[in-house]
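For reference, the structure is listed below as structure tokens.
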Amino acid sequence: MPGYSMDKDDYARRLRRIEGQVRGLQRMVDEDTYCIDVLTQISAVSSALNSVALGLLDQHVRHCVADAARDGDPAEVDRIVAEATAAVARLVRS
Amino acid sequence: MPGYSMDKDDYARRLRRIEGQVRGLQRMVDEDTYCIDVLTQISAVSSALNSVALGLLDQHVRHCVADAARDGDPAEVDRIVAEATAAVARLVRS
Amino acid sequence: MPGYSMDKDDYARRLRRIEGQVRGLQRMVDEDTYCIDVLTQISAVSSALNSVALGLLDQHVRHCVADAARDGDPAEVDRIVAEATAAVARLVRS
Amino acid sequence: MPGYSMDKDDYARRLRRIEGQVRGLQRMVDEDTYCIDVLTQISAVSSALNSVALGLLDQHVRHCVADAARDGDPAEVDRIVAEATAAVARLVRS
């Protein structure tokens, strides 16, 4: 089970909200809303996505890395940490 | 009319695709997908959102700023540029 | 002359401060400072760099784009705006 | 000792290089270099800073989190992971 499984309902709720915000962007474009207002809403959606990502990352390190360390499996720790760092790099650069 | 109105259909299509990607994230979480794979998909959605934002920003400067400059309205140029810079700041920090 | 030339002293002062902050990072690493405190200082340097970039971008659009528009040179406006948007894309993704 | 201590020389070298790049920015501004070229150099410095940060973060998780987990100290794991996630949040938003 992934580290986030206890909070699945919360992530599902937040992602449904983000989905609604993206539909809101579609309406804004359809209604010729001023560009800056659309850009402001895009930043809000990006921030919401980032906070979902940070939550998943936190739980990944908290569970997967810690479990591998407790199991005394340094190779697995290395693999999981390398994956997490690469995921952070993508987040920082997306 | 906003600077992007000529490309409304393209923006609508891209935003519908992003909406579908967010629904994809919901399925991934619901199916207990490995955290790193969910994070990778979130970065993809963020990148897609950013490229929509960059397109809107480009057209905002290309039309709104240039029109105000051609109209010889420095106060309006200042206002629009300040808005665009603030929008970029939010993008960089979201 | 570039759009920022009136504010050269201010940019020079801010960049010297950032240079000092980077030397501060070197000292922190040399003195085995706790990783999280070094990361906090790196974020502060990144934010300072970003605000210099946003200032330069604002003045680029305010002067170069507006001047080309006033000069009735749509091809030059297109070129300068495309350059500015590409610069924003690099900022967002750096 | 922090997780990065084995690589201190490498981090020192990279930070000295970044310091040199920031001095290069000062020269560009002093010589009235075209705004877009200065912005391009700022993005290069930001990327270099981010890769130093990602290295420190990787080693923080690899050592501090894994050590606390091996020591069977869940409270310490929680504290260190929360700190790391907050550091990532600052990186993503700087």
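Every chain is named by a letter (A, B, C and D) in the order it is written, and numbering of its residues begins at 1.
Assume a contact is a pair of C-beta atoms (placed from the backbone, for glycine too) under 8 Å apart; a residue touches a chain by one contact, two chains touch by 3 or more.
Just so we're on the same page, UniProt names per chain: A, B, C, D = Metal-sensitive transcriptional regulator.
No experiment lies behind these values; they were computed from the predicted model shown.
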item: Neighbouring chains common to subunit C and subunit D, by label; value: A, B
item: Same-residue or different-residue interface between subunit B and subunit C, half as cut-off; value: same
item: Chain of greatest Cα-centre distance to subunit D; value: B
item: Whole-Å gap separating subunit B and subunit C, where each centre is the average of the chain's CA atoms; value: 21
item: Mean-CA-position distance for subunit D and subunit B (Å); value: 28
item: Residues within subunit C bordering two or more other chains; value: 50, 57, 84, 91, 93-94
item: Pairwise touch network: line, ring, star, complete, or other; value: complete
item: Subunit D residues touching subunit B - in the complex, by the definition given at the top; value: 93-94
item: Interface residues, subunit D side, partner subunit A - complex; value: 50, 54, 57-58, 61-62, 65-70, 72, 74, 77-78, 81-82, 84-85, 88-89, 91-93
item: Residues of subunit A touching subunit B in the complex; value: 1-5, 8, 11-12, 15-16, 18-19, 22-23, 25-26, 29-30, 32-36, 38-40, 42-47, 49-50, 52-53, 56-57, 59-60, 64, 83-84, 87, 90-91, 94
